[in-house]
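Notes follow the structure.
Note that the chains are named A, B, C, D, E, F and G in the order they appear, and that numbering of residues resets to 1 at the start of each chain.
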Amino acid sequence: MIRELLVAFFLLSGGALSLVAAAGVIRMPDLFTRMHAATKTGTVGVSAITIGMIIHFSEVTVTSRGILVIAFFLLTAPVAAHMIGRAAYRSGVQLWILTRIDEWKSHGKNEPDEEA
Amino acid sequence: MTSIIFRTATRYMFPPLLVFSVYVLLRGHHYPGGGFVGGLFAGSAFALYALAFSVADARKVLRADPRDVTAVGLALALLSGIPPLFSKEAFLTGTWWTLPLPAGGTLDIGTPLFFDIGVYFVVLGVLLTLVFTLGEEE
Amino acid sequence: MEVVLAIVIGVLYAGGVYLMMRRNLIQLIIGLGLLSHGANLLIFTAGGLRQGGAPILAEGEKAFATTPADPLPQALILTAIVISFAVTAFALVLFLRTYKTVGTDDVDDLKEMQK
Amino acid sequence: MVEFICPIVMLMLTVAFGAAFVRVVIGPTLPDRVVALDMAATIVVALILTHCVQSGSTYYIPAAISIALLSFIGTVALALYIRRGGAS
Amino acid sequence: MIFLPVLPIIIPLAGAVLCMLARRNIAVQKGLALITSVFILLTSLAIFAQTKDGTIAVMNVGSWQAPYGITLAIDMLSSVMLLLVGVLSVGVSVYACFDLDVTRMKFGFFPLMLILLMGVNGAFVTGDLFNLYVWFEVLLTASFILLALGGERAQLAGSIKYVTLNLLSSALFLAGIGILYGMAGTLNLAELAHLVKDGARGDLLTMVAVMFMMAFGIKAGMFPLYFWLPASYPTPPAAVTALFSGLLTKVGVYSMIRMFTLVFDTDPAFLHGLILVGAGLTMVSGVLAAAAQYEMRKILAVHIVSQIGYIVMGLGLFTELALTGTIFYLIHVIIVKTNLFLIAGAVNRLKGSYDLHKLGGLYKEKPGLSILFIISAMSLAGVPPLSGFFAKFTLILAGLRTESWLIVATALGVSLLTLYSMTKIWAYAFWKPAAEPLPDLNPMPKSKWFIFLLPMIGFTVITIALGVFAGPVFDYAADAAAQLMNPQGYIDAVLGGGM
Amino acid sequence: MQLFITNVLISMLWALLTGRVTVGNLAVGFALGYLALTLMYSNAVEKSSYFQKTVQLIRFTLIFFKELIVSSWRVAVDVVKPLPLMRPGVIGIPLDAETDLEITLLANVISLTPGTLSLDVSKDRKTLYIHAMYVVNPDDLRAEIKDGLERRLLELLR
Amino acid sequence: MRGLQLFSMWILLAICFIAALSAPFVHRIIPKYTGAALVSAPLAMVVWLLSKIPEVGNGHAITQSFQWVEKLGLEVAFRLDGLSLLFALIISGIGALVVLYTQGYFKGHPQQGRFMMYIIAFMGSMLGVVLADHILLVFIFWELTSFTSYLLIGFNHESADARNAALQAMLVTVLGGLFLMAGLVLMGDAAGTWRLSEIVQRGHEITEHKNYLAILILVCIGAFTKSAQFPFHFWLPNAMQAPTPASAYLHSSTMVKAGVYLLARLHPALGHTEEWTLILTTIGTITFLLGAIMALGQHVLKRLLAYTTVSALGAMVMLLGIGTKYTIKAMAAFVLAHAFYKATLFMVAGGITHETGGETSIDKLGGLRKAMPISFGCALLAGLSMGGFPPFFGFVAKETWLHALGDYPLLIVATVVGGAAYVLVGFSTGWKPFMGKMPEGLHAHEVPLTMRLGPIVLGLGGLVLAVFCGPVGHALVQPAAIAIYAKELEVHLHLWPGVNIYFVISIVTLVIGTVCYLARAHFVKGAGKLSLLVRFGPDAVYQAALNGVLKFAAWHTRKLQTGILRDYIRVTVVTTVLLVGAAFVRSGGFQGWENLSPISLRVALFGILMISATFATVHSKSRLRSILSLGVVGFCMALLFTFFGAPDLAMTQLVIETLTVILLALAFYHLPTFRHGSTKRTRVIDIIISISVGVIVTLLVLAALHVQTPTPVSDYYLDHSYKDAHGRNVVNVILVDFRALDTLGEITVLTIAALGAFALLKLKPKKEGAE
């Protein structure tokens, strides 16, 4: 019973977090703020669902693979975000007009672009 | 030169991806997977490597020319259909051998497995030929 | 269920054909992609949708307790997916080469060479 | 309970998937679309795993792992494409 | 030889793999290609010997009994097609070894050619619908690449049309397979035929049949689905076009014959009527397009379309005699058309052009080549007693016997226009003096030139022999047609066991 | 590292001995092995690295997951909040992390924690540029990251 | 004569063809004696034929046959009866003379061997036509004569006129040949046999057959084109482009008579009906008069002769059409007479042109009698025979002819008109060039022996035949007439028939003709007015038809092969939709929903998502948006696969989807963004087409689902996958075991796709000027 409750909890929170991520992706004003939502909430959401699944099955193979899924997400999601963020920034995607400060622009201006 | 972060992540992901691809290949006969998806994974691992470093680096890691990998894979798949010739059976008739395992169980090894391994290499080679050539294009 | 999928298949075919009739090489290739999705889904649907689970025999069992999904259409689609991947990849390279050699990605411009 | 929960979770995920799709369509920049597609892939993983729970079948997990791995590669490839000046 | 039916598939594949492994050494590749071609020919001869008495060679690949595994079944039609592939492969290999540029060889011409042959052979031997699709894709992909290999502008522009329209056809084919499987639950042709004979599948079969007709019609180059052909065929080197012209569209026709004799014998009035209309329009449209051209290769290319019309006409008439004509025509046109393309290639090799306005004076300069051309051209036009005459005559006779006046009139008229286009080539390239003298671009010494001509001489001899010894050929075609008209034998052979 | 491998081997041995290879059983074996090893090496030199790292790892993981969950919550709240309340900005953080692995892990951890997202590392590998949702005072944020995540991470890795 | 027993028709024919094929080689070895060596082939035939005259004259036919294409009913069957004998003798006899003539005419010509080859092959084909006893064999030889005459007429192939004339002759005669083939086959099927000798015995079965009229018309068209009957006569004068030996042979004695021969041969089968008489007599008479009148205005030697040939052929057809015992006798006699004088005149004409350095117009010729006395003699003999002056065989034939027309006064008038023209032409060719003053600058000398032989033999022959007209009539003309008439008759030819009305008519004709000759200048002037006839005549119709077909072909090709891919796709798709739609309607249309399962929410949602994603893919200005939307479609596909129990598919779909995106991204780096719009009209049409595709596919799927599957083969896989193939994943087992051959093909596709991509990217053609 407790197991079922746990499963339900994790699945529901995963679903809810995904919804939040979705709302963020839709509602946030610029790319970078949207990425906050997508990267963090999305990863946590899918991890929660994975945990729910692990608990549901409680088998070695499922657990190991579930952990693999989570590990991969934790490793790749930020890297992917970083790659897109940096690419977007460098290719001139506009920050939200209310962005307060841009130190990269001021400091990093003189830095030669590696690929240019 | 791409990002340090990306390259570091790639360096850590590359071996597990290859291992995973072999796992998918070998389990394919009983569980979802098989030579095709396995080969795609292996190829993806190299593609990732080529993206993070360079095509030249990825070629170095692979050592062989992807086209040779493809040809060898195709040859393997073809050859796996030949053994039944010796027992006067049709082409590609599955031939199985049961090997005892040290832990007491048994392992079925058959020509379809070799066929699947051939598929794996073909897919790997093909994917890499595509990715490398496109990546090298001016 | 099938009604939905039938409509989806129709839309995929329609979209694919429409894109293939555009003037751009890339749209052409995307159109081919849609068409291949349509064909695969068609085989899947026409082969009969069974909600009986995957056609994989569970560990330790000797025969299927309940009839699973039809494995044959799945195998066919797998083959078709791979083939269409191969062909798409080649077509992509072909279009790229064409663009670079001819200097246009406008399909209509390619008619000059017919003469 | 799980049988009851799963459809709800699925619905939530489907809505989230739809939202990601909307962002793919409306953009406005290419990185926006790529981020949205990456998120859609994440949600596909979640959907597949939920389906595992719902159907009691673990055969779909490798598919989930596949997408987890490959969507990363895809996203990175697109990011590199953006870097090379293809953002428009 | 227990492996026999599958050898037409695995021999070229093995040759291709070896060529791929030997990709750095062109000389080795040439040798491998030639040896493989000879083996293909020998295999097809062995199969021919086994099936010529009407035996259907059956092999259940993987030892899975029909209809569960993939069954290869070779009847007389398949067998003769295999034989033609064998003959063609040897001829074209020799020709290619001499004619093709080193770069193309370096970039995989030989493996591609062999895989094309593998696909074609596969299509001819398979008794399984989806397997047929696979072979179609094999040969199409190989042809895509052979077509584009070299990357010249016209080649690329042609390839795009070729690729696109053929993929459209594949999507249609696949849809047909999906629906047919959904309706019948099997992919084995014999089993499908069996189920259809039981009458259980209902009228919907007609619809599926039309889908297949369209899919194969595109591949076969029928009106109005043939546009890819004139757009693409005149672009690659002669060896490639020769191979294509001999085999590709013919696979489409073969498949149509197979499906419409074995499986789809429902609603013949509608289906075969449709085929007949298509055949007539195809002949006319193809020959008109040829009449409008002044480029040797293009004339020959669009003529393929016209020839397809004749071949399909036999299927449309759907009598034993008509099918005999179709089979005779297939045999004839594969040899002759290939030869004409090879000769056109030789002309281009000599003069660097296919343009009839530019060419001229060849009859004076190269009487040997001219004779090879005129014999093949006249054979194509149906001048007796060459092979084309018997092929056309049989079809027309079948038309007369079924009182299909319109198609007979069409066929006769088209044959006149065919003659016109062939004499046009002859008059312009061979008879007419060249507008301005063209240099002899051929650097070959005489002995080498003779070896280069050997395939063409061989094909010409075959054309003549097919006419002079029309008796046995006709007998064979008639037996093959009888086999097609009575598919029960095929069904029994496949479903009744095999190995 | 040797100790870790020994520990894994012990857990596998346990599983074999008990005859049930399950996650739970392996975990139990691992825990038992860990205890045993603690006892065995209570005075050894090598002890410090393995056992200390274990504690650090556990602590780091806990903090990380807490932050992760908090960050999700924060985003959830942000999504609902009116937009003008956000104060996003891009700031640079001077790095103490040196190796590729250190930089990568730090950047990843920063991305996964609330309100911050790693964008890029400068070419001289001295500065990490991040995008933050709430930049009230850039220096406070810098200090928070350097003292919190970076310090703990480097402790764990070095 | 015993030695001749060894020979038979097919061997003699084979000798002809072997001689033809070896001609170039013979010429290379013994260039001076090519003709002498090769003439042995026709001579052998002549000798053999002569040896058979007694036997055939007694009403025996010599036959010979063996199978060729048995199942098709094609036999190599030959039969020598009176009709065949007459024609075969003419063909091989004149053939032998022409071969010798050629030797002289082409003396030193490098391609003499080639010409010999053509002409002997032509002769062989002609002999085949008249000897064959099987309709198919007749047709085969018939087509061969067309083809060889094409080569002959186009022999001077560097001249555009020669090429065009060759083409024209070939197209017209082959066109006729095709009609003929259809007619012959229908006739054969109506008679129940393809043997001519049997067919002619079943005349009633044919004339009463429902296809009789069709057969008659088809055969007539075939024969008329070959025999240059109105309105197909125009090719013959144009065919004068051929070198003279060819003209002499083709147009005097042989090829053109193939049609006449065939009609004569088939008279027992097709004749004796009103239709026969009407068609043949009308066309024959028109041709007879037309040719004669057209000849009046000509001044070019060979054209003069050609038009009279047309006319003569018309006369033969006319006589055959009437079909009485008398007209048939007359026709047979006239065939013989015509062959002798016309061949002589052609040969002399060739000799004149040859020896005067190419002069062809009689108005520019004159006074050659001294330079070319022998030629003059021969020409005069032939010219008089042609004009119908006694005591030549031409006169004998004309007398018979007039006799035969006793009941047809109108035709007698026509004969007088035509006969007068013949007189004119006879003088123009046999007299005019030789008499009077030699124009300045004209040089000539007598032709060599080889070229003299033919005219001498044939010219004198006209006289000799007349002298021995009794025996000749009995031995040659009578058997031929019997064969045509298919009933017993007797032929009595007289050199001096006595004075009767026909003799008077004859004399009147000669007088009118002579007067006309003297007034020739007026006719030549009047010929200018005939230009109107030329402009709107059949020759013009031929040109217009050919141009029309070519124009239509060009238009058709332009319209169909636009070079625009969209057009091709449109046509392909619309055709498919229409035909599949028609089949759908025909098969009863949509038949119900019974077998469909209820819709679940998630499938509905994903369906909507997929449709939206497809729309997003299609309707996008940004190609990346398009690609990424396609990615969403792929994800949805994978999810559907997941929901319906296809984990392998889901996995593969996802991986492939991502890899496709990667490849596209790699390639897109090089490709420009979308920028080519289409017009609104185009888009609307395309949308309509696309929607119709979608609708038809949807209906197809639904219709197919209505059909219940019995037991799919896949149940077997489920049962045997683990048991016999050692695998739990049935899909994988199908891929690597049950249907491994598919997979082998599939990986081959993959391999070559990669090979191709590699080659395309690495093999770069030399730079062509980019746009």
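The rule is short, and it goes like this: a residue touches a chain if its C-beta (ideal position, glycine included) is under 8 Å from a C-beta of that chain, and two chains touch if they have at least 3 such contacts.
Keep in mind the model is a prediction, meaning the values are calculated, not measured.
Listed here as common contacts of chain F and chain G: B.
The chain with its Cα centroid farthest from the Cα centroid of chain D is G. Think of the whole protein's Cα atoms as having one middle point; the chain whose own Cα middle lies nearest to it is E. In terms of C-beta pairs in contact, the better-connected of the chain pairs C-G and B-G is C-G.
Taking each chain's centre as the mean of its C-alpha atoms, chain A lies 79 Å from chain G.
Chain geometry summary: the mean Cα position of chain C and that of chain E are 28 Å apart. Centre-to-centre separation of chain C and chain D, using mean CA positions: 20 Å. Across the assembly, chain D contributes residues 10, 17-18, 34, 36, 57, 59-60, 62-63, 65-66, 69-70, 73, 76-78, 80, 84 that each touch 2 or more other chains. Shown for chain C are the residues in touch with two or more other chains, namely 13, 17, 20, 25, 28, 38, 40, 42, 44-46, 48, 53-54, 56, 72-73, 76, 78-79, 82-83, 86-87, 89-90, 93-97, 101-102, 107, 110-111, 113-114. Counting partners per residue, chain B has 2-3, 5-6, 9, 13, 30-33, 36-37, 41, 44, 47, 67, 70-71, 74, 78, 81, 91-92, 94, 126, 130, 133-134, 137 as the residues that reach two or more other chains.
Chain pairs that touch one another, listed by label: A-B, A-D, A-F, B-C, B-D, B-E, B-F, B-G, C-D, C-E, C-G, D-G, E-G. By the touch criterion stated above, chain F contacts chain B in their complex at residues 100-101, 103-104, 107-108, 118, 120-121, 125. Of all the residues in chain F, the ones that touch chain A in their complex are 21-23, 26, 68-69, 71-72, 75-76, 78-80, 83-84, 86-92, 104, 107-112, 114-115, 117-120, 122-123, 127, 129, 131, 133, 135, 138. Contacts from chain D toward chain C in the complex involve residues 55, 57, 59-60. Remark: chain C residues 13, 16-17, 20, 25, 28, 32, 35-36, 38-40, 42-48, 72-73, 76, 79-80, 83, 86-87, 90-91, 94-95, 97-98, 101-102, 107, 110-111, 113-114 touch chain E in the complex. Those residues of chain D whose C-beta lies close enough to touch chain G in the complex are 7, 10-11, 14, 17-18, 21, 24-25, 27, 30, 33-34, 36-37, 40-41, 44, 47-48, 51, 57, 59-60, 62-63, 66-67, 70-71, 73-74, 77-78, 80-81, 84, 86, 88.
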